[in-house]
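In what follows, structures are represented as C-alpha cells.
Heads up, the next two complexes both have chain A, just with different partners, chain B and then chain C.
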Partner chain A sequence: MTNEAILLGLAGVLTTAAPLIFAVVGETISERGGVINLSINGTVLLTAMGGFAVSVSTGSLLWGFVAGMVIGALVALIVAFGSVTLKQNQVAIGFVLALVCRDLAYFIGNPYMGLEGLRLPSLDIPLLGDIPIIGTLFFNHDLMTYLSYLIIPAAWVWIFRTRPGLVLQGIGEKPAAAFVRGSNVRRLRYLYTVLGGAIIGLSGPIYSLSVKAGWKGTISGLDGLGWIALAITIFGGWNPIRAALGVYLFAFLQWLGLVLQPSLPGVPSQVLQVAPFPLMIMTLLLVNIGNTEWVTRTLAVLPAPLRRFFNRLLRAMRASPPAALGTPFESE
Partner chain B sequence: MMKKRWLNLGFQLSALVLALGFTTLILLATKTDPWQAYKYIIIGSISSLRKFTDVLVSFVPLLLVSSGLLVTFSAGLWNIGVEGQITLGAIATTWVLRLLQDSSLAPGLIIALAMLAGMLGGALWASLAGALKTYGGVNEIFGGLGLNFVATALTLWLIFGPWKRPGIGSMSGTEPFPNTLWLPMISGFRLSLWGLGLGVFFIILIYFLMKGTYFGLRIKAVGKNLKAAYLLGVPTTRYLMLAFILGGALAGLTGAIQVTAVYHRLIPSISSGYGFLGLLVAMLVNFQAIWVAPIALFFAALNIGSIQLPIVLKLDSTLSGVLQGVLVLFVLLMDGVRQMITRRSGGAS
Partner chain C sequence: MHLLFIKQMNINLNQICKHFGKLQANDHISLLIPGGTIQGILGENGAGKSTLMKILSGFIQADEGEVILDGVQVRIHSPADAIQHGVGMLHQDPLDFPPMRVIDNFVLGQSGGLFPDWKSVVDEFKQLSEQFDFKLRHDAYVDMLTVGERQQLEILRLLWLGAQVIILDEPTTGISALQKQKLFETLKILAGRGKTVIFVSHKLEDVENLCDRVVVLRQGKLVGEQLKPFNTKNLVNMMFGKSIALEESKSHSTDRIAFELRDLSLEEERIQIQNIDLKIQAGEVIGLAGMEGSGQRPFMQACAGFLRPVHGRILVNGRDMTGMNYPAFKRQGVGYMPASRLEEGMIPGLTLSEHFILAGQQEGLFIDHDQWQEVTREKIRDYNIRGKPESPVESLSGGNQQRALLALLQQPLKLVLLEHPTRGLDIESVIYTWGKLKERCCDGAAIIYTSSDLEEILLYSDRILVFFSGKVSAPLSARGTSVAQLGNLIGGKDWARIKTGVGVTA
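So, the complex of A and B:
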C-alpha cells in the first residue's frame, strides 16, 4: 500500500465519521439536559430516506438537509412530549420510536429505492487544501465534513464555557436546584431534546447524499449505526470532544479492518468489521467499573500505594452520566 | 374500581384507534388505498388453514421470546441483547446438530440435546450481558447492543467460514439438515406441533412462576425498587443474573426452534427481528403474562398478513412493523395522558 493510498484512506475516515459526529453531538446535548433520545437508530434511517426523497423531489441538496433536521426534531419532540410532559419511561418511548422510524423509512422509502439522486460536491478549501499531507487529510472534503469539525468545539464551548450551557448541565444534574434558581426545566428540556434531535437529523442526509449516496432500503447498510452512536455517547462521557474522539477511533478501526483484510487471509472480514464492538464493550466496562460497589470494596483492602494507583487510573477513565438522566422532573 | 377499569380500557381502545389512524394517514400519503392494504393483511393471515398455520409458525418464536422478556422486564431490565441471545441459541443448536448428525444416537435424542444446547447458549450470552451489568456497571442496553453485533458477526463468520456449504459459503446459510433432524411437522404444513406445544408450555410456566412463587415475587421486588429489595434481604445480584439467564434461555430456545422447525439450517438473520418485536409485546402487556399469547398472536398475524403487500400492492411489508410500533407508542402515550388526568383530578376519586 502506497503512502498516498494510506493518506486518502485516512482522509476517508474523516468523511465517514462526519454523520456519526452529528449523531453523537446531538445525543450528547439531549442527554446533558436529562433526556435520553434512544430513537437515533430509527432517526438516522428515516432522515437518510427523507433527506434523499426530498432532495430527489425538489432537486435541491439544501432541502434534503432541512428535511433531515425537521424529521429529527419531530421525532425528538415525541420523545420530549412522552417523557417531559407525560412522564413516561424515556427508554420505552425511544426504543419504540427507533423501531417505528426504521420501518417507516423502509415503507415510505420503497418507491425511492435505487433512484439516481444528488450528491454533495467536494469542496476544496483554497490555500489550506494545497498544504501537502494536511490539505489532503483535512481540507479536501465536502461541506458537511467541515461542519462536523466545527460542531465539536462549538458544542463543547456551549456546554462548558457559557452561562446557558451551565444551566443545561444544571437541568441534567440537579433539575430541582436549577428550578429553584429560576430555570424553566421543562421548557429547556424540550428545547435541548428538539435541538439535539435536529442535529442528529443531519446524520441521515449526510449518509444518503454523500457518504453512502442513494437510498437502497434494507441493504443501505445504515441499520445499526444509531445504536453505535448511542454507545459512543456513553464512551464519550457526555463530553463532545471525548465523544468525537470515540467516533474517529471507531471509524479508523472500521477502515483498518477493511485494509488489513487482504493481508490476513485467515481472518474472515466479518470478524474485523465487528472488532470495534467488543472494544466498545471493553471501554464501557473500563469507564463504568469504577462506579461499582465491589470495586470500591476491593480497593479499600489493598495496600495504600496500590490503592492510590488504581484509584487514579479508574478516575482518569471514569465517566458518570448526568445525575438526573432518564428521570422525569416534578416541580411540585 | 369498576369505573377505573373502564377508563383504562377506553384509553387503550383510543390508542388502537389512533394507531390505525396514523397508519391510514401514512398509507394515504403514499397514495395507497388503506382499505385494500388492511384487507390484504387480513386475507393474508386468516383466509385459509394454511395461512393460519403460517401465523402460528410466526407465533411460536414470538411467544417464547416474549415470555422470557416478561421475566427480565419484571426485574426492571431492558434486555435489548435478546436478539443476540436468539442468535446464540441458534448457533449452539446448529453446533450440536452438526456434531451429532452422523452419530448413532436416535434422531429424537439429538434434537432434544440440540435444543437444550440452544437454551444454554442463549442463557450464557445473556449472562454475559448480566455480568457486565451487575459486576461491571455497564448498562444492559449497551452491553446487550454490543453483544448483538458480535453475535451477528459470529453467525456470518460461521456461515462463510468453518460451517460453509460444500463449495462456497453463501448468504442462504449452512447446508440444510436431513429431515430426520427436523422437529416433526404436520404433514403438508410448515407448523410443528412440538414447537407450538413448547411455546404454550413455557408461557404457562412463566405465568405461574411470576404469579405464584417466591421467585417471581422477588424478581418483581428487584424490578420495582432495587435498593429496597436489597435492604429487605433479597440477594439482588443473584436475582438479576437469574432473570437474565431465564430470559436468555427462552430466547435461546426461540433460536433453537428457528433452526429445528423453520429453517433447518443456520441463516445470517436467524433471529428475524423476533427479539425486538418481543420487546414490543412485553411493553404492551405491561407485566401481565395473561396477555402475552393474544398480543403475540395478533402481531404474528400482522407479520404474516403483510407478506401479501409486496406481492399484491407493491408495498413494503414493513407496514406491519409500523402498525405494531405505532400501536405500542400510542398505548404508552395514552397511558401517560391517563395518569396525568388522574393526577389532575387530585387523587380524591
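So, the complex of A and C:
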C-alpha cells in the first residue's frame, strides 16, 4: 500500500465516523440530563431511511437532513413523555422503540430500496485543504464531516463551561438539588432529550446521503451502529471528547479490518468485519476496569511502586455516570 | 459587598398546619423570630421540625396558616422562590453535586448570561470564603470534601445569592467536633451581621451552646419557648414530656481474644495507614475517634473484608482471614453497618419485612410471609421502630432507619462494626440503642464503632483509637481520657506524647 492510499484511507475513517459522532454526542446530551434514549439503534435506521426518502421525493438534501432531525426529535419525545411524564422505565420504553423504529424503517423504506438519490458533495476548504497531509486528512470532506468536528468541542463547552450546561449536569446528577436552585427539572429533561434526539437524528441521513449513499433495507449495514453508540457513550464517561476518541478508534479498527483482509487470506472475511465490535468492547472495558472491586483487591498484592502507578492510572481513567441517570424526579 | 450591608428580616409564622395522611406533622404552630438572632428549634426525631422548616423554605406548602416576612404576607411556592425572598436552607443531606467542582456548585443556580464570568465568580468566592476563614479550594471536587466543608460551601452560596435568613437542618450530624466549633463561629458572625439563623436540632447541648432563643416542638405542637440562659432540665421535660438521665455504661470485656490485627497496613486513594497491631477481647467496645476522612472508614472496611490490606494479617477468633472477602468474614460472625443508610445499608423500594427476609436464613424456595410478618413485628417492638412491616424503608424517618439497620444485624455476632450507629438519633434513642448494643457485648460480641460525638465515644467505649490523617494512636483507655485530650488528638495536637500504631492489649 502506498502512503497516498493510507492517507486517503485514514481520511475516509473521519468520514465514516461522522454518523457515530452525532449519535454519541446526542446520546451524551440526553443522558447528561438523566434520560437514557435507548431507541438510538432504531432511530438511526429510521432517520437514514426517512432522510433518504425525503431527499429523493423533494430533490433537496437539506430537507433530507431536516427530516432526520425531526424524526429523531419525535422518537426522543416519546422517550421523554414515557419517562418524565409517565415515570415509566426508560430502558423498557427505549428498547421497544428501538425494535419498532427498526422494523418501521424496513417496512416504510421498501419502495425506496435501491433508488438513485442525491449525495452530499465534497467540499474542499480553500487554503486549509491545500496543506500537505493535513489538508487531505481533515479538509477534503463534505459539510457534515466538518460539522462532526465542530459538534464535539461545542457539546463539551456547553456541558462543562456554560451556565445552562452546569444545570444540565445538575438535573442528571441530583435533580432535587437542581430543583432547589430553581431549575424546572421536568421541562429541561424534555428539552435535552428532544435536542439529543434531533442530533442523533442527523446520523442516519449522513449515512444514507453521504457515507454509503442510498437505502438498501436490511443490508444497509447500519443495524448495530446505535448499540455501539450507546456503549461508546457509557465508556466515554459522558464526556463528548472522550466519547469522540472512542468513535474514531472504532472507525479506525473497522478500516483496519478492510485493509488487512487481502494480506490475511486464511482468516474468513466475516471475522475481520466483526472484529472491531468485540475489540472495541474490550478496549472500553479496559479503560473502565478501575471501577471494579476485584481489580482493587488484586492490585493490593502488588509491590508498592507498581500498585501506586496502576492506582493513579485507573483513577485518571475513571468516569462515573450521572447519579440520577434513568430515574424519574419527584419534587415533594 | 452585600454581606456588609446590614438589613434584618423578621419572620412571623402564624398558625401553620400541615398533615401527611393521618399524621398531623404541624399543628397550629405560631412563631416570631426577630432578625439578627439565632433561633433554635428543638425536638426529638419526628417532632415536626423539618416539616415546619420545609414550609418556610418553600419545599412543601402549608395546609393552613401564613408566613409573614417583615410584615408582608408571602406565599412561597418553591425553594427558588424562597431564596428570592431571602430565605435559604441547608438540608440535612447536602443538596449539592458531588462529582462537580466547588466553583461549579457555587455558580449553579445563579441566573445570568450563557458563560459565567469565571474570573469574577472565583474572586467573589475567595473574598466571601476569606471573611469566614474557610479553607475551601474553588477548583476542588465536592466528593473530596468532608460534610463540614460542603456545609461551608452551601452557606457561602446562599449568602452570595442574597439570603437574609439561613435555616440549618440538623447541621451537626456527621461533622467533627472541630468543624462544629467552626460552624458555630460562622453562624455567630452571621447573626452579628444581622442575618437570621434558624438552627434545627435534636441535640440539646448544641442548641444551648449556640442559640439566643429556642422553641421546643413535640408531636407537631409547639410546647414551649425559652430565652438564653436556658434551663436544661426544663428543656428535656418539654422535649420528651418526661425527664431522662444518662446512665453509667458498664464494660462487658472478657479475656478471650475475638479479633486481632497484626502489623496491618492499608492503602486507599487519599489515605495510607501503616502497621496497626491490635487485639480486641470478646465483649469489648472500641471507639474510633477522628475527623471524617482520617482513615476510620478504610480501617472499618478492612476489618469487614471489603478492603484488602496491602500488608499484615487479620484474625477473627484466631482464624486467619487475610485477603478474604466480606461473605467469608460474615460467615465468621462479622457484621457491618455502613454510615449511609439508604445507599449502602438498605434497599429503597423494599419493605421492612422484606429486609428481614433478605437478612434472615434461607429455608426452601418459598417465603412464609406470615411468619416473617411476625418476626418483623417482633423486631419493630424490640427496637422501637416507628413503622409497619409493610412500610417501604425509604418512608421511615432517619432515626427509624437507623434502628432498623441495627435490628437487621445478624445474631449472634463475634464482631460488630458500626459506622456512626447513633447519628441522627435523639438522646432517648441513643440510650436505647446502646442498651441494645451492650446486650450483644454480654453475649460475647466485640464492637468497633465510629462517632463524631466525643462524649459518646468516652461514655460507651472501653478503649479508643484516635485517627489523624492516616495515623492511628495506640488504644487509649476511655476511663483515663478527657474530652479535651481527645479533642486535641483529633485536631493533630499532642501526638508526640502517645504511642502510635503499636497497640498493647489493655
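List of remarks:
Going forward, the second predicted complex is superposed on the first by the 310 of 332 C-alpha atoms of A that agree within 3 Å, B and C clash if a C-alpha of one lies under 4 Å from a C-alpha of the other, contacts with A are read in each partner's own complex, and residues count from 1 in each chain.
We take it that a residue touches a chain if its C-beta (ideal position, glycine included) is under 8 Å from a C-beta of that chain, and two chains touch if they have at least 3 such contacts.
Keep in mind it's a predicted model, so treat the numbers as computed, not measured.
Looking at the shared chain after the overlay, A:S60 reaches neither chain B nor chain C.
When the two complexes are overlaid on their common chain A, residue A:L104 makes contact with chain B while staying clear of chain C.
Of the two partner chains placed around the shared chain by superposition, neither chain B nor chain C is touched by A:Q261. With both complexes placed on chain A, chain A has more residues touched by B than by the other of chain B and chain C. Within the superposed three-chain model, A:Q169 lies in touch with chain C and out of touch with chain B [touch as defined at top]. Considering their complex, residues 54, 59-60, 78-80, 83, 91, 95-100, 104, 107-116, 267, 269, 306-310, 323, 325 of chain C touch chain A.
Listed in rising order, the residues of chain B touching chain A in the complex are 26, 29-30, 78, 80, 132, 135-139, 141-143, 145-147, 149-150, 152-153, 156-157, 160-161, 276, 279-280, 283, 314-316, 318-319, 321-322, 325-326, 328-329, 332-333, 335-337, 339-340.
Of all residues in chain A, those touching chain C in their complex are 161-164, 166-167, 169-170, 173-174, 176-183, 293, 296-297, 300-301, 304, 307, 311, 315, 320, 323, 332. Per the touch definition, chain A reaches chain B in the complex via residues 38, 78, 81-82, 85-89, 91-93, 95-97, 99-100, 102-104, 106-111, 217, 224, 227, 230-231, 234, 268, 270-271, 273-274, 277-278, 280-281, 284-285, 288-292, 294.
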